[in-house]
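In the two complexes below, subunit A is the common chain; its partner is subunit B in one and subunit C in the other.
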Partner chain A sequence: MLRFAGQRLLTLIPTLLAVLTLAFVLVRIVPGDPALIILGDQATPEAIARFHERTGLDQPIWHQYFAFLAQLAQGDLGVSMISNRPVLSAVLEVLPYTLELSLAGVFVGVVLGVPLGVVAARSNGGPLDWIVRIFTLGGLSFPAFVSAVLMLLVFSVWLGWFPVISSGKPLTDPWGRFMSLALPALNLGLVMMAYVARVTRGGMMNVLRSDYIRTARAKGVPARRIVWKHALRNVLLAVVTFTGLYFSVLIGNSVLTEIVFNRPGLGKLVIGALERRDYALLQGLVVAYAVLVVLVNALTDLCYRFVDPRVKA
Partner chain B sequence: MNRTGIYVLPLVAALGVSTAMPAFAQGVLKYGMASQDLGTMDPHRATTTPDKPISGWVFNGLVRFKPGSDDIGSLEPDLAESWESNDDGTEWTFKLRPGVTFHHGYGELTAEDVVFSLNRSADPDTSAFSSDYAAIDKIEAIDPLTVKITLKQPIPSLLGLVANYHGGNIVSKKAAEERGADFATQPVGTGPFMVENYVPQERVTFVANPDYFRGTPKLDGIEYRYIPSDSARDLALRAGELDVSYGRQDQEWIDSVGRTDGLTVDIIRPAELQQFHLNTKSAPLDNIEVRRAVATALNRPEYIQFIGESLAQPAGSVIPAGNLGWDGSTPIYGEGDAEAARKMLADAGFADGISLKMVQTSLPNMLSVAQVAQAQLALAGIDLQLEVVDHQTFHAQIREDRSQVVYYSAARFPVADVFLTQFFHSASIVGTPTASINFSHCDVADDEIVRARSETDPEVQKQLWAGAQKKIIEHICAVPLYDQLIAYARRDNVEWGYDLQAGMHLGPIVTELTELR
Partner chain C sequence: MSEALKIDRRVRRLPPGRVAIIAGAAIMAIVAAAAILAPLVAPHDPYAQSMLARFRPMSAEYWLGTDQFGRDTFSRILYGLQITLWTAFASTALAMLCGTSIGILSGYYGGRVDRWLSAANDLLMSFPQMVAGIIIVALLGPGITNLIIAIAITAFPAFYRMARSAALALRERDYIDACRVLGYSDMRIISRHLLPETLDDIIIVATLWLATAVRTESSLAFIGLGAPPPAATLGGLVREGFDNLLDYPGLAIWPSLAILVVMIGLNLMGDGLRDANDPRVSA
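Here is the complex of A and B:
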């Protein structure tokens, strides 16, 4: 297991280096200047020059690049060019919110998506199948920011069940925290639910046609048991693969949900850093995302071992 | 201009939102702002719409704009009890109010804090407003409660520089030195509210300053929430989770909020002048007849219709209405006469029309105005080619002199000198070492602008400023489209405690008298 983890980390290095270089170059190719943000639109050329000097932006780009890598090698993500605060603490402050939301979204997606898919497969062409297919098509084609506003309107403004502003509830208030997480998680999980339902349905239909299921049927195993125990176990492998892949997408997608439900998070941090041309913060965020994606992939691999006893790492 | 959001409010409006408003008064004012996050709470660095209101709650100046007013003539004592100046206005002495204390146990305000603060504002390394303080020779503490400011030459409004605005805000010397960069999130002032806590991307909480020198505030505190989505802010206001909210700046939103029971719209100055700057040195705009044709083809009344009469007011000059020295006596082109414009172009030798390049920000409000202009100019055979880029790219490229037409929206310190100098004095021409934001390369009114700066007779000074505006308009360096005000919404139980007409901090100031009924 340790060896497995070590290999993973080693393969991470070239990937990370490539991603970082790309991020480093891209943010600098885009015109714009953090100096104008910090100094305002009335800044004098002299003041801008002094800002560049202080932040190292007056150095040649390769110089900046190696300085950044050297810093990173020491585990230092640097300080934000705009706020002067350490990038690492800016990321760590909001990371729990993003993880909380993404995990809750995955939970919603899987817990709702799998049963829907199974029900649809069993109905195969019947009315339930059609209902699920239309429902999931809706989930896939509805933009997240529209569903978010609709949910807020119905559940928060009209019915008053949930808060509109889903932030500011401390961990010491678990109920408040849960209530403020519910709608964003549902919104984020809906699209995933639709995908999961379709993956499950497709997988289920294949498996239900296979020989061993026919054998089980012939032996007189009850249909419910065949579906939920024998068939589903095989389908779950595809679901886990999909979930692992989609989890990374979800972390990226969460930004729209974060904005409408007003939750802190990595996505909002990225947008803010881009708008303000906070190069240092952007680079730090790229590192954070890369690490997250690798961790999620490793977790997915681990999950295979639970679902499928044949997989031995 | 710093607005981000998802523009789905029409959807909400179309569904006809109306809810019963729970009417419970609380001691904490919940104030929603259109921003992802805090930039800075350091008053000498705060340049954006979301950052500025905070300065007004936490800090004081030596003098202050009367709450709710942007009239430079209405400045009244704040941290200074009284002041006097010599005859030519180059030496000013301020007597401080005794017994004023800083927040969080940082002790009594002394002349040393004032000297430190103003020097900090004049230093480009610590202040975004250092150029405003260029005329200051020295600032001295005569005794613990007396400050003397000596100027190199008289300036139009020294009091404006020591008002509760931008660099005039007085910070605690001890706190600023101790906290360094952290002062941006843990500022220490003397105002009615003290910063308690900042949660990134979420909010800043303020508590009432029980020792505030004008009396303990009626509110217990303020919760300043960062909510970038227009529709989310709107829903939160309607659900009672916000008391005050930065509005969506258009007529449809104003009408929708206005129709809702329990909500009120506040429309405030300062006006941001929306203006097209024409590069007078770039062909074919270097030909004044071509500029005249452009100005004639633009239909200014249509912008008022487009934006809405509540928010947009006809612009009467090339500086924002309400500025000291504003003069609306020179007629401006812009009646949308496409035929006349075509003829002018033909007479100037461009019978086939012209094509102009314009780098344009993608900020939705500004982009739609540019598109209106594009359609208007097309009628006269003028092809306005929009290069739409994101807001920061826009700011970078127009400063590199890459746009023949620049659409800029701005409000400045409300004395004509500031706007005229930055936009129309030759020293400010973009691409030069002393560049500011003179996009038009205008240089026809240098003499008037400079002479007005040190003129001590207010009447003569106003005539010089009026003369400068006349020359700039007649030379068609810029075409002012309209003056835009700022809209906020509040629940009816919010009582500002003063007559709200303007907010120098681009938002309603919350004072010790503000309450929730």
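Here is the complex of A and C:
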């Protein structure tokens, strides 16, 4: 297991390098000189030169690239072009909020989605299957910001159950933190639930046709036990794989959720960086997202191996 | 009878795809008609401001009320549908065209170029689509054309991957070998034999991606990266409504429902097509 984890981590290096290069290029193909955008059209040539020197933009491009990689290797994401603040500390400050939201969303999605999918598969073509089908179709059809706005309106504004603004609550106020997390997490989770239910249903239908299930039935194992114990264990493999793949969608949805619920997080930081044209911060955020997604993909592989001992390297 | 046996007995009774396709197509036909005929159907000019008619409630004159500039919400939703549908169709078509052709060529010829393209594609796929969309639009600048390009880039990998794997599987078939023996050109084999074989799958992916494109477009518009104002976009309308949510919730609710109707229509069609085409599902 450890050996596999080590090997998997090694394969991350080329992927990461490619993603980092992409982040570097992406931020540099922007038309126009960032100095002019940030300092304004009226900036004097001296001011522009000073800005270029400060941000390293006066260096040749390959020089900038290696400096970028060298800095990264030391855990330095550079400094914001606007506030001069280290990008890494800005990212680390809000990262817990985004992670907390994403994990809570995955939790809600899996905990609600799996039973729903199992129920649908057992009813196969029956009324419950159709109800779940229509329900999940609704879930697939909600863009995250639409569900967020409607949930905010109903549960926070009209019913008053949750705070309207979920701005960062400290960990010392656990109840406040939970309440401000609940609705955004539910928003992410409900959309994910629809997908998980479908994956579970499809997987369940396949597994229930397999030989070992027939054997279990022939042995007289109760139906409930067959479905929830024997079959579900195999279906969960598909759910784990799906969750890993879905993570990048979830991250995208978390951007919208953070905006609607006014939560601190990577998404809000991206929007702020775009509005202020802070390309250094933007580049750091692209790196942060890329590292997050690559890590989650590796983690999914590890989980997969953990859940299914048949999978070898 | 034990319950486990029942699971086997109840093999699908309803034709799964048919109902969904018809319902989805009907919804989309109405929505598309409303969007195309917007100049004729809309009761008001969607851009005409009136300081005297700000925040009007629903009435016979303003069916869904008016916004903070006195513009008619219903008319703006109709024009917003135009932009949303056009952006979604154009970007999906662009991604389908580029993704499918490059994917088929890549899979058919294989080799080093194929390996590099696949690696680049996996890279693009691993990046959060929404975040990529946000950054590409932000870098390209506002405007509908840039929006279409950005959404097409995020949709490209799905088509590429599907077309490539289909070409990879098909090129080993005997009848393709037979074509080669007959001396057919690669172009002829690809266009007359490979492409038709993959067309069904491509159409299904395209229908499902239309829904994703609508979602991406409206999400970007909600963030403020959609078609620039004063253009009415559905996501932009939700945003304007969101800014007045406490006092005038209707401004956010109506465009939200419009987005939902479009999404449900497209998802129904995509789901139905997929089910109808899946040999495991049809009874």
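FYI, the second predicted complex is superposed on the first by the 273 of 313 C-alpha atoms of A that agree within 3 Å, B and C clash if a C-alpha of one lies under 4 Å from a C-alpha of the other, contacts with A are read in each partner's own complex, and residues count from 1 in each chain.
Definition applied: a contact is a pair of C-beta atoms (placed from the backbone, for glycine too) under 8 Å apart; a residue touches a chain by one contact, two chains touch by 3 or more.
This one's a predicted model, so the numbers in the text were calculated from it and none came from an experiment.
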item	value
First (subunit B), second (subunit C), both or neither touched by A:Ile271	both
Touching partner for A:Leu22 - first (subunit B), second (subunit C), both, neither	second
Contacts of A:Val260 with subunit B and subunit C, given as first, second, both or neither	both
Which of subunit B and subunit C A:Ala290 touches, first, second, both or neither	second
Which of subunit B and subunit C A:Val249 touches, first, second, both or neither	second
Contacts of A:Val157 with subunit B and subunit C, given as first, second, both or neither	both
Partner chain in contact with A:Ile226 - subunit B first, subunit C second, else both or neither	second
Partner chain in contact with A:Leu88 - subunit B first, subunit C second, else both or neither	neither
Touching partner for A:Val146 - first (subunit B), second (subunit C), both, neither	both
Residues of subunit A contacting subunit B in one complex and subunit C in the other	30-31, 145-146, 149-150, 152-153, 157, 256, 259-260, 271
Residues of subunit A touching subunit B in the complex	30-33, 36-47, 50, 54, 82-85, 90, 93-94, 145-146, 149-150, 152-153, 156-158, 160, 163-165, 167-168, 256, 259-262, 264-265, 268-269, 271-272, 275-277
Subunit A partner contacts - residues on subunit C that touch it in the complex	2-5, 7-8, 10-14, 119, 123, 126-131, 133-135, 138-139, 141, 211, 214-215, 218-219, 222-223, 225, 235, 238, 241-242, 245-246, 249, 252-253, 256, 259-260, 263-264, 267-268, 271
Subunit A contact footprint on subunit B (complex, rising order)	2, 4-6, 8, 11-12, 15, 17, 19, 36-37, 39-40, 45, 47, 124-125, 128-131, 181, 184-185, 199-203, 225-229, 231-232, 235-236, 238-239, 241-242, 389-393, 395-397, 410, 412, 422, 433-437
Residues of subunit A that touch subunit C when the two form their complex	15, 18-19, 22, 26, 29-31, 121-126, 137-138, 140-146, 149-150, 152-153, 157, 208-209, 213, 217, 223-224, 226-227, 248-249, 251-253, 255-256, 259-260, 270-271, 274, 282, 286, 289-290, 293-294, 297
